[in-house]
Structure formats: C-alpha cells, structure tokens
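Next up: the structures, one after another.
Shared chain: subunit A. Partners: subunit B in the first complex, subunit C in the second.
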Partner chain A sequence: MQGLRIEGFQEERWQEIVKGVDVELDRGRVLGLIGESGAGKSTIGIASMGFCRPGCRITGGSITFDGLELTSSNDENLRQLRGVRISYVAQSAAASFNPAHRLIAQYVEAPVQHGVMDMSQAESQGKRLYKRLDLPDPENIGNRYPHQVSGGQLQRAMVAMAMACKPDLIVFDEPTTALDVTTQIEVLAAIKDAIRELNTAAIYISHDLAVVAQVSDRIMVLRYGEMVEIGDARAMIAAPREDYTRALLSVRKVREDKVHHAEEGDTLLEVRDVSASYGGPGGVPVLEDITLDLTRCNTIAVVGESGSGKSTLARAITGLLPPTKGSIVFEGKELPPSFKQRDKEMLRRLQMIYQMPDVALNPRQTVQQVLGRPLSFYFGMEGKAQRERVVELLEQIELNARYLDRFPSELSGGEKQRVCIARALAAKPDMIICDEVTSALDQLVADGILRLLQRLQNELKVSYLFITHDLATVKAISDEIVVMLNGRVVEHGPRDVILSPPYHEYTELLLASVPEMDPDWLDNLLHTRAGARLREGPISEQLT
Partner chain B sequence: MLRDVLKALLNAPWSAKLGLVIIVINVTLMVFAPVLSPFPETEVVGDVWEAGFWANDCTPEGIAAYECWDEINRDREHKVLLGTDHLGRDLFTRLLYGARNTISIALVTTILSFAIGISCGFLAATLRGWVDQGLSRFVDVIMAFPTLIFALMILSVVGTSVGVLIVVIAILDATRVYRLSRAVAMDVEVMEYVEVARLRGERIWWLMRREILPNTLPPLVAEFGLRFCFVFLFLSALSFLGLGLQPPTADWGSMVKENAGAITFGIYTPLVPAAAIAILTIGVNLVVDWFLRKAAGLRDEY
Partner chain C sequence: MDSLPVMVGKRLVFGVVTLIAISLMIAVGVELLPGDLAQAILGQSATPETVAAFRRELGLDLPWYTRYITWLGNFMTGDMGTSLANKREISELIGTRLGNTIFLAASAAIVAVPLAVFLGMMAALYRETLFDKMISMTTLSTISFPEFFVAYILIVLLSVQWSVFPSISNIAPDMPLGRKLYAVALPALTLILVVVAHMMRMTRAAIISLMMSPYIEMARLKGIKRSRIIIHHAFPNALSPVINVIVLNLAYLVVGVVVVEVVFVYPGLGQLLVDSVSKRDLPVVQASGLIFAGTYVLLNLTADVLSILANPRLRHPK
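After this line comes the complex of A and B, so read on.
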C-alpha cells in the first residue's frame, strides 16, 4: 500500500480518516497495527482487501496485492480475490456468523463457491483444521450452531474459516478484544499456529500492544490516521522511539498516594450470604452465598471472567435484581431488597457508573441537564445555585463550563465517562459502584479516568466497589480484592495478600493469562501449560 | 435550532420540498378560506353542475381555456372557477371550506389518538407486567374488528356529531399508535440512562416524558404524518358513506359522494374534491418519507 488516503463521510462532510499511510508486507510475515480507537487501523486493514466501509471512499494512493492493483480493479476481480487469497477475521465472531446455519456449512461456503474444492473435501479439511486449532470434538463441532459454542471457540472457528482456502493474506481485526484473558490465550495460540502452518502473511489489528507483540514480526503504531512509528516488534518493545509509543508501553502505574481519613475502616456496606437468580426464586442461580464488606474511603475490586456474576452482584446491591436470599446492610441498617422500596436518601448515597458511557447518558440531554437533575431532585437546587454547582462538578472532573450546553454526541468517550462520574458525584454519595468503567475506553484515556477516581476518593471520602475483568486496573486501584468464579467468591482479601504468592489456583491462572510486553511470553506460557495439560477447553470448567 | 431546521429543509430532496409546498398551500387555503372564497359556504349561486374554466364549449374557435371561461361567464352574475355542485353551490368555495373542516378535524383526531396511544404505550413499556398485558390484549381485541365496520357500528348507535366522530376515530387509531410507541419505548427503556433515572428514584411521569419521549420522537413524528393521512382518508370515507360530517357542512369526502352521480354524465365535478384528497395525502406522505429516512439515518448511497 502506498500513500493510502481514505475519507469518511461524517457530520455532513468528508473527513480524512487515513492520511497517506504506506504499508508493505512480505509473504509469510505478520504486521501488527496498533493505535487508539479512531486511529484508522481497521480502515487500513479492510482497505488491504480493496474494500472500504459504506460512507467511506479511497481517495488516493495505491493498494498492490501480488502485482495486482486493487484500487482500480473491478468488482468481479476483487470478488475472486476475497475469501480465497485474502481473508478476514472480524472482532466479534458472534456477530459475524450467520446464526441460522451450522458452523461447517458456513466453513465450506467460501471454498465451494470459489470452486477451490468440492463439498466433501472442504468438510474433511474443515475437520482437520478444527483439530489443528484445538477445538473440542473436531469431528462433530461443525454440526453445531454458532450459539451452541463458546465465544473463544467461535473465534477459533472463524480463524479456521479464514484459513479454508489457504489464503496469502489474513486480516485479523481485533480478534481477541471481546474475550476474557483466559480465552484470549487459546485464540492467540490458534492464530499463531495458523500463521505458522500456512506460512501466510497477516495483518493483526489491536489496541493492546502486549497482544500484538505476541504474534507480529513488525509493528506499526498509528494515531489520527497517520503513522507514528514502524519497526521490528522486538526492537520496538525494547526501545520505542516516539513518546506516544512509550506512553502506550508504560504499564499502568496510576496508584496515587492515598490520603488516610479518620473515618477509614468504618464498615459502610455489608453483603451477607446473598444469592440471586434470574427468573424468580426457582430460576437459574447466578450468585451463591456472596459475602463481602466495604469499608469507608476504600476500594474493593471484584474480579472475574465474563459470566462470573460480577455485574449481577452490582444489580443485587443496587436493588435492580432483588436477592433471593441474604441481606445487604448499609451503615448498620438492612436495606429493602428492591430499589423501589428504598427511600430517596438511600438511593442518593449509593450511586452507579456504567461500562458504556454511550448508553448511560441520555442523548437528548445536555451536560447541564444531566448534572442538574440529581441536584434539583435530591437537594432542590435550582437556577443559579444549580448552575454554579454543575460548573463546580465539571471542574472536579477536569472539564469546564464550556461543556455545559453540549450533548453527549459532542463528547469523546473519555469525556462522556467523566460526565457519568460527575452525575454520580452530584448526589454526594457515600459509595459508588463502578461496573467495568474503563473497559470501553482506550488505554491512555482509561488511565486518566482511574487517576481521577482515586483523586476524588481522596478528596471526597467516597468508597468504590470496582467491578472489572482487567487485572492491571485491579492492581492500580484496589485496597481489597474479591475474586469471583461462576457466581461464587473464590478468594477474598487485601490486595497485597491476593496479588502475592502463594496464589489461589484460579487467581494464579488469571494473573498468568494477562499478556506481558514480552514477545516470547505466549510461547513460554504455552510451553509451561502444555506440561500441565491445561490447554483443552475453558479452564474454568476444569476448576469447578 | 431554527437555523438547523432551515438547513435541513434546504438539503431536503425535491420530493420532500414538493410535499411541503403542497402542505403549505393547503394550510393557507384552510386558514384564509373566508377571505379567499368568493361566496359563503352554503349559498346557491348558479345551475346544477355548471362547468368551470375547463369547459370546452368554445374551443372549436381556438380560444385558450381561460379566455373561454371568461367567454362563458361574461353574462353571469357570478364567476365560478371550478363550476358548481349538485345544488348549484360554488365548488371552489366548498373546496376551501371543506379543507377547513376536513383537515382540522383530522388534525385534532390525530393529536388525540397520539395522546392516548403514546401515554398507554409508554406506560405499558415502563411498567411491564400486568399493565402491559392488560393494555396489549385490550388493544388486540379492538384491532380484531375491521376499523370501518367498528366505526360504522358505534356511529350509527351513538349518532353522528363532530365530537363523537373525533373520539371514535381517535380511539380506533390509538391502537396502532399504541403498538408503535410501546415497541420503540421498549427499546429505549432498557438503556442504562433510564436505569440511572430509576435508581435515582424518579417517578414514572419523568421517565416517560424526559427520558423516553425525546429518544423515541423521530419514529413517532413520522408515524404522525402517516396516521394523519389515514385519519383524513377514513374521515372522507365515513363522509362518503353518509356517517361523517353532515350537510350542509362542506367536507371533501361528502363532496365526492354528493357529486358522484355527475360522473355518469361526463362531468368532472366529483373528481375535483377527490383530487384534493389525493394531492394532500401524497404531499404529506412525501414529507413523512423524507422524515423517516432522516430518522432512520439512511442515506441515498446505501
């Protein structure tokens, strides 16, 4: 690709998304593309297939694939190329599979359509590939429907599909971003195997440098549609040239010095033997006998993979999902199970911040309205007093009065999350439940949010119940840690006890699965685990 | 805000602009009917089914149509632009007053049906449970009857007056509005900002009005335009069947009905109000189409 320029139609005009990027990729090599959201990584990845999303257009430069110019090729030529010589693995396998067809039927589609092989050949080759990618029961898994296999397995089935025609180039677009750390390893291992096996070239797109380092030979760092740095993977990790790359590389060390208050140590919230289930008392149990204590001015982190019940715990505490058993005690008073029976004062003292700031803010309300409502609702604050308090809140979250009349669509992801924090603060709460508040944000932005939360804790003496799957976040922010698995507490204790040896078996697994900035990390880990035979299927199943 | 609206109008496709022009003309005629119309609403001004300016009595001489109309009307006491109806009243005058009655009644009815439909729909979506079940099954029952038959039944029992007409049509139409508003509110209701408001302790009225309504507005406004057309046609149909507005009040539906016999003599009179109905319906639909596309975020290149 030479001097590639792509424009996107946004806000009623054409804006350049990719500003003259050169990409060169040799046969059998892997290029990692890395950058924040909006950096143009996916757009470049898709452009390598001579394609751009609706609403975008390629305005300049050339894309040459094995001597063939793709920008000027007609649709028929491109169609011949795609799926056979270039294939694509999307971020969300769940959204990319057709839920109405069996896996194997979708697998054989490309090779049969393009006349590479016939149906039975394709099927037997598919089974071989499933086996190669370590999918359980490779003979029969193809007969399942997409919803009958786990997320990690589905992503591996998608990798198999991309390999079906033995392509020369595979584009991986954030294939592990939506997965848990333990599942991510399985998929990464499969991708690495696949590339090695076929000796194919690949473009690997991700926002996580540690992940990219595991699979790529070379890494390109992108920002605002421009190249920041390109270089050999090992060399870049060892010695980044640009400041921006260095910022991405820096491991989160956002722990601020904690100011100790006199009230610290008073118990604020006690959760006693709480069980909860969806679909009434006879329904599927999601939480079983959870017990934890939250003390004033402290942060308790609840860690676990998806499906471990961490968000359900938040819903049980807030009263959105009344617990079937057990009690929730706030400052020595037992709370009614449902939020409908709690009084206004109680609701005020317990606030919540969500994972996706996009859906947590009403798109039709300005920042002033969003922050003003809790003020008038809880404190009867109106007019000028309200406005002043809103500005004060905005300053607390490092924004200013210029944001008053903006709508959520006019804010960046990080700013939206800050407004959500301010909305919680407006109620002057004693406790805030943070449900994966940094998961949807880019790393640098997330660090800013974590730092802000810690500063606010020091200033306002609020306690956090911090729900996350990201152990780096946990290390950075927590005083106490609760590790959850399948609706139960596996381990519970102060941070330093949990995060230092001897580890609990499951905690160790989680810790070991966090990618490190070491290109050999994956190989070493798989090597160690191969001895322990932990690679078959989700490890959590073996533990229970 | 106003500038945004103007900008959106300027960028609108020609079909939407045409629709807007039609609506604006109709509204102007409706509002200024007493000023614009040459005669009072019910005055008899000439013979039955007199020809209007299109009459071709003198075309053999090769005169242009409007001159021809002058020719015909030279001796007349009054000039009739579109001819006269079955009682000799001026058709143009009747058309203007008809616009007044038909459009305003249709508008009031649509607004009423939306008020009922949206509040019930939002209530069902936010409260769920038995409220939702009860309202939805009740709506199913009403919808099981063919609308026209149901309306005819009620109107023939209760009797026809403007008030009854509005209420009956509004309730029947509210069932459709209910279904749509319940569906769109369900989508918004699961959003986290609604959950935040619930957890804040907000009352249901706030949830419906401030959190849900603004976010469901585009599809509802589009539906408003469509519903207006249906009400308008329904009203005309009822008038045509004799259960709508009662004579001598002018309205487009009954004008078609009263003059329908003329068509057998090759007189175009009944086609004039029929065309008026068709043109306004098409105009509103053109605007609604544009609005729907905007609301759905669709673009032409897709």
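After this line comes the complex of A and C, so read on.
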C-alpha cells in the first residue's frame, strides 16, 4: 500500500480517517498494526482486501496485491480474490458467523463457491482443520450452529474458515479482543500455528501491544490515521523510538497514591451467603454462597472470566436481581432484597457505573440533564443551585462548564465514562459498583479513568466494588481481591497476598494468561503447558 | 422462554378469551344499532301488536345479555343457531360463504406472497437503482388507492375495454376449478395489488437492515456473490419480520375483503356480514364476526410459531 488515504462520512461531512499510510508486507511475514480506536488500523486492514466499509471511500494512494492494483480493480475481480487469496478473521466471531447456518456450511462456502474444491473435499478438510486447531469433537462440531459453541471455539472456527482456501494473506482484525485471557491463549496459539504452517502473510490488528508482540515480525504503530513508527517487533518492544509507543508500552503501571486507608472494622457492606439464580428459585443458579465484606474507603476487585457470576453479584447487591438466599447488610442494617423495597436514601448511597457508557447515557439528554436528574431526585436541587453543582461535578471529573449542553454523541468514549462517574457522584454515594468500567475503553483512556477513580476516593472517601476481568486493572486499583469461578469465590484476600506466591491454582492460571510484552512469552507458556504433549503434524499436511 | 407447546397452549387460551370478549362486543354493538329486526321484516305498516308478537317469537323481547348467554352456550356446543331473517341454519349459511372467501383469499395469496418476497429480494439486491425505485413507486401507488378504486379501474380496463375477465364474480360450488379461477381473476388481482406492497416493502427493509451486520460483511469478505448473500445469508435471518407481515396480510385477505366482495358481487362471507348487519340479524353477525376474529387469532398464532421455527437459537437450543 502506498500513500493510502481513506475518508469516512462522519458528522455530516467527509473526514480523512487514514492519512497517507504506506504498508509493505512480504510473503510469509506478519505485520502487526497497533493503535487506539479511531487510529484507522481496522480500516487499513480491510483496505488490503480492496474493501471499504459502507460510508467510507478510498481517496488516494494505491493497494497492490501480488502485482494487481486493487483500487482500480472491478468488483468481480475483487470478489474472486476475497476468500481465496486474501481472507479475513473478524473481531467478534459471534457476530460474524451467520446465526442461521451451521459452522461447517459456512466453512465450505468460500472453497465451494469459488470452485476451489467440492463440498465433500471441503468438509473433510474442515474437520481436519478443526482437529488441528484443538476444537473438541472435530468430526461433529461443524454440525452445530454458532450459538451452540463457546466464544473461543467460535473464534478458532473462524480462523479455520479463513484458512480454508490456503490464502496468501490473512487479515486478523482484533481476533482475541472479546475473549477471556485464558481463551485468548488458545486462539493466539491457533493463529500462530496457522500462520507458521501455512506460511501465509498476515496483518494482525490489535490495540494490545503485548498480544501483537506474540505473533508479529514487524509492528506498525498508528495514531489518528497516521503512522507513528514502524519497526522490527523485538526491537520496538525493547527500545521504542516515539513517546506514544512508550506510553502504550507503559500503560497501567501507574497508580495514583492512596491517601486514606481503611480502618479496621469500619465495615460498610457485608454480603452474607448470597446465592442467586436467573428464572427464580429453581432456575439456573449463577451465584452460590458468596460472602464478602467491604470496608469504608476501600476498593475490592472482583475478578473472573465471563460467566463467573461477577456481574450477577453486582445485580444482587443493588437489588436488581433479588438473591434467593442470604442477605446484604449495609452499615449493619439488612437491606430488602429487591431495589423496589429500598428507600430513596438507601438507593442514593449505593451507585453503579456500567461497562458501556454509550448505552448507559440517554442519547437525547444533555450532560446538564443527565447530571441534573439525580440532583433533583435525591436532593430536590433545581435551577441555579443545580447548575452550579453540575459544574462542580464536571470539574471533579476533570471536565468543565463547556460540556453542559453537549449530547453524549458529542463526547469521546472516555468523556462519556467520566460523565457516568459524575452521575454516580451526584448522589454523594458511600459506595460505587464499577462494572467493567474500563473494558470498553482504549488503554491510555482507561488509565486516565482509573487514576480519576483513585483520586475521587482520596477526596470523597467513597468505596468501590470493582468488577473486572482484567488483571492489570486489578493490580492498579484494588486493595482487596475476590477471585470468582463458576459462581463461587475461589480466593479472597488483600491484593499483595493474592498477587504474590504461593498462588491459588486458578489465580495462577489467570495471572499466567495475561500477555506480557516479551515476544517469546506465548511460546514459552505453551511449551510449559503442553509439556510432552505431541503435536499432530504440520497444518499444511491436513490441508491437502 | 417457554417451550413451544407451552407457548402455543398459552396463546390458545388467550385466543379463546379474546374471542369471547369480541363476541360480547359484537353483541353490545348490534344492540346499540337503531331499529330492530321485527320492524325491518314486517315493514312500516305492521301494527304494534304484530311487531310485539313477532318479537316474542324471535326471542327479541328478552334482554340482550340473556340472549347473548343462551347464544354463547349453544355456540359452545356447536349449535350456531338459525338466522333470524330467513330461519336457515347459520352453519350451513356460513359454510359455503366461508369456503368462497377462503378460495378467493387463497388464490390471491398463492400469487401475492411469492411475488412480494421475490420483488422484495430483488429490490434489496438492486437497491437505489431505477429498478428498485420503479418497484417501490408502483407498489406504493397500488396500496395508496382505495380498494374499490383499484377494483373499478380493473373492471374498466380488463372487462369493459378488453373483455378479458368477467366483472361479476359469480361462482357456484359445482363449477370446475378452472372456471372458478377465471371467475375470481379480477377480485384476486385487486387483492394482490393491494397486499403485495406491504409484504414486498417489509422484505426489502428487513433484508437491507441486515446488510450492515458483521456476518454480511464477513460473507462479502469471503468473496460471496451479492445475490447469494441476499438469498442465503440475509433472507433466512429476515424471516421473522417477513413472516409476521405475510400473516397479517393473509388475515387481511380473509377478513378485509368486504369491499372487494361487494364490488364484484362475490358470494363470500363479507357480503353476508354486510347483509346481516343491515337486517339486524344478530346470530349471523355474531357468528361471522367470531369467524373473522378466530381467523386473526389463529393466523397470528401461526406467525408466532413460524417465527420461532425460523430462529435457529430457539430451534436448536444449546
């Protein structure tokens, strides 16, 4: 790609989202594209297939694939290239598999439709690949529908699908971002195998430098549609040239100092033997006998993979999902199980911040309205007093009065999350439940949010119950850690105890699964884990 | 989410409740109409005594709720009663009429449904082209005209101008199928023109709304042909809304044909209903009203079941 320029139609006008980027990729090599959201990495990735998402257009530069100029090729030529010589692995396998068709039917579609092989050849090759990528029951798993397999399995099935026609280039677009750390390893291993054995070239897109470092030969750092730096993966990790790359490398190492420390015995919230299930008593049990205490001015991090019941715990505490058993005690007083029976004062003292600020804010309300509502609801504050308090809140979250009349669509992701924090603060709560509040944000932005939360705790002595799947976040903010697995607490204790040896077995698995910047981390880990497990021969043999 | 049989059972119970409520509303509604049957049959010159005697004979002197409850009890045991106007068995009266109405509806549906789905897919495939706009314009025009207007235009063109089809659709039970179809050609065509637009536009909209989904992008990046993407990837996922609109239109074909039946003097249920209302023939009105309502309830139930069957998540649970 030479001087590639792509424009997107945003806010009623065409804006350049890729500003003259050069990319060169040799056969059999892997290029990592890294950057925050809006850096244009995904757009560049699919542009290598001569494809532009609706609402985008290529305005300049050239894309040459194996001597063929893609920007001037007609649709039919491009169609014949896609799926055969260049294939694509999308971020969310759950959304990118057609829910109406079986996995194997979607696997064989590209080879059969492009006339590369017939149906039965493609099917048996698919089964071999499923086996190679360690999918369970490879003979029959293809007969399942996408919703019948887990996220990690689905992502591997998509990697298999991309390999079906033995392409020369595979574009991996954040293929592990939506996965748990333990699942991410399986998929990363599958991808690495696929690339190595097929000897295909690949573009690997991610916002996580540690992940990119595991698979790439070279890394390109992008920001605002422009290249920041490019270089050999190992060299860049060892000695980044640009400040921005250094910032990416050093994320989440910072921690705002904690000023107040919890006083022994000053318990704010107790969760006693709480069990909860969906579908009423006798329904699917999600939580079993959870017990934990939160001290005033403290932060408890609840860690676990998806499905471990950590968000359900938040719902049980807030009364959105009344527990089937056990009790929630707040300052020595037992709370009614359902939020409907709790009084306004109780509701005020316990606030919540959600994962997706986009969905948690009403798009038709201005910041003033969003923040004014709790003020009038809890304190009957109206008019000028309300406005002044809103400005004060905005200043607390490091924004200012200029934001008063903006709508959520006019805010960035991090600003939206800040407004959500301010909304919770407006109620002057004693405790805030933060449900994956940084998961949807870019790392640098997430860092800012974590620092803000710590500062607010220092100033306002508020307690946090911090729900997250991300151990880096846990390290940064928690005082105590609760590790959950399958609806139960497996380990509970002060941060420094949990995060230093000897580890609990499951905690160790989680810790070991967090990608490290070391490019050899994945290989070493797999080597240790696999031990003497025999590899079943190179992938290329199974493809013939 | 309930299992399928449980869900169908629940809907059936709701359906019966709805039908009882509707029959009650019909009874009250007819009671509120001015004039009465005895007066209508005996004419202006009848003496008050004769009218009163006749009313007693028909049971019209009883309060309406007594009549309603008796009627409901009989109806439950399968006795629809007799027509007040001509003493014929209602079941027999309605039977042939209902058959005729369903015949007309079916002839229209067999053409209209596939045509609408096909046009919808084509319009989605050639979106924003001249072809798409032509289809949209044509179907929107036909749906915008009142039915009787479409009907008369068709009569003027196809029966007066060119004499292709008869303008009066008289059919009898013993006619061969071909002649029957020939007789209903114009009313069926009218109905087709009226219902195609809805279904076609829904198919188009449902498919187009799916075209932004990631699995469609995936299919495009797999180099799949556009026509195959529409038919194989988008349409199966668009089925649920499309089925609902189709079924609503089928229901319309059965119960909404009153005007068309009147224009073409077609011996269907709609005509019977109109006649019976003007004659204050309560049992017939109630019976046909209930049949119409029952059709709606049943077809909507069918739509719900089909939507579930169209969803692989519900068809193949984990």
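Methods note: the second predicted complex is superposed on the first by the 525 of 544 C-alpha atoms of A that agree within 3 Å, B and C clash if a C-alpha of one lies under 4 Å from a C-alpha of the other, contacts with A are read in each partner's own complex, and residues count from 1 in each chain.
We adopt the following convention: contacts are C-beta pairs under 8 Å (C-beta built on N, C-alpha and C of every residue); 3 or more make two chains touch, one makes a residue touch a chain.
For clarity, every value in this text was computed on a predicted model and none was experimentally measured.
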Is A:310 contacted by the first partner subunit B, the second partner subunit C, both or neither?
neither
Looking at the overlay, does A:469 come into contact with subunit B only (first), subunit C only (second), both, or neither?
neither
According to the stated criteria, A:113 is in contact with first (subunit B), second (subunit C), both, or neither; which is it?
second
Touch test for A:363: subunit B only (first), subunit C only (second), both, or neither?
first
Taking the superposition as given, does A:349 touch the first partner, subunit B, the second, subunit C, both, or neither?
neither
Is A:90 touching anything from subunit B or subunit C once the two structures are fitted on A? First, second, both or neither.
second
On the A-aligned overlay, A:99 touches which partner chain: subunit B = first, subunit C = second, or both, or neither?
second
Overlap of the subunit B and subunit C footprints on subunit A, listed as residue numbers:
54
In the complex formed with subunit A, which residues of subunit C make contact?
212-215, 217-225, 228, 232-233, 236-237, 312-313, 316, 318
The residues of subunit B that touch subunit A in their complex are 191-193, 195-196, 198-202, 210-211, 214-215, 299, 301-302
In the complex, go through subunit A and note every residue touching subunit C.
46, 49, 51, 53-54, 78-84, 87-88, 90, 92, 95-101, 109-110, 113-114, 144-145, 147-148, 161
Subunit B contact footprint on subunit A (complex, rising order):
9, 54-55, 318-320, 339, 342, 344, 347-348, 351-352, 354, 356, 359-365, 373-374, 377-378, 423, 427
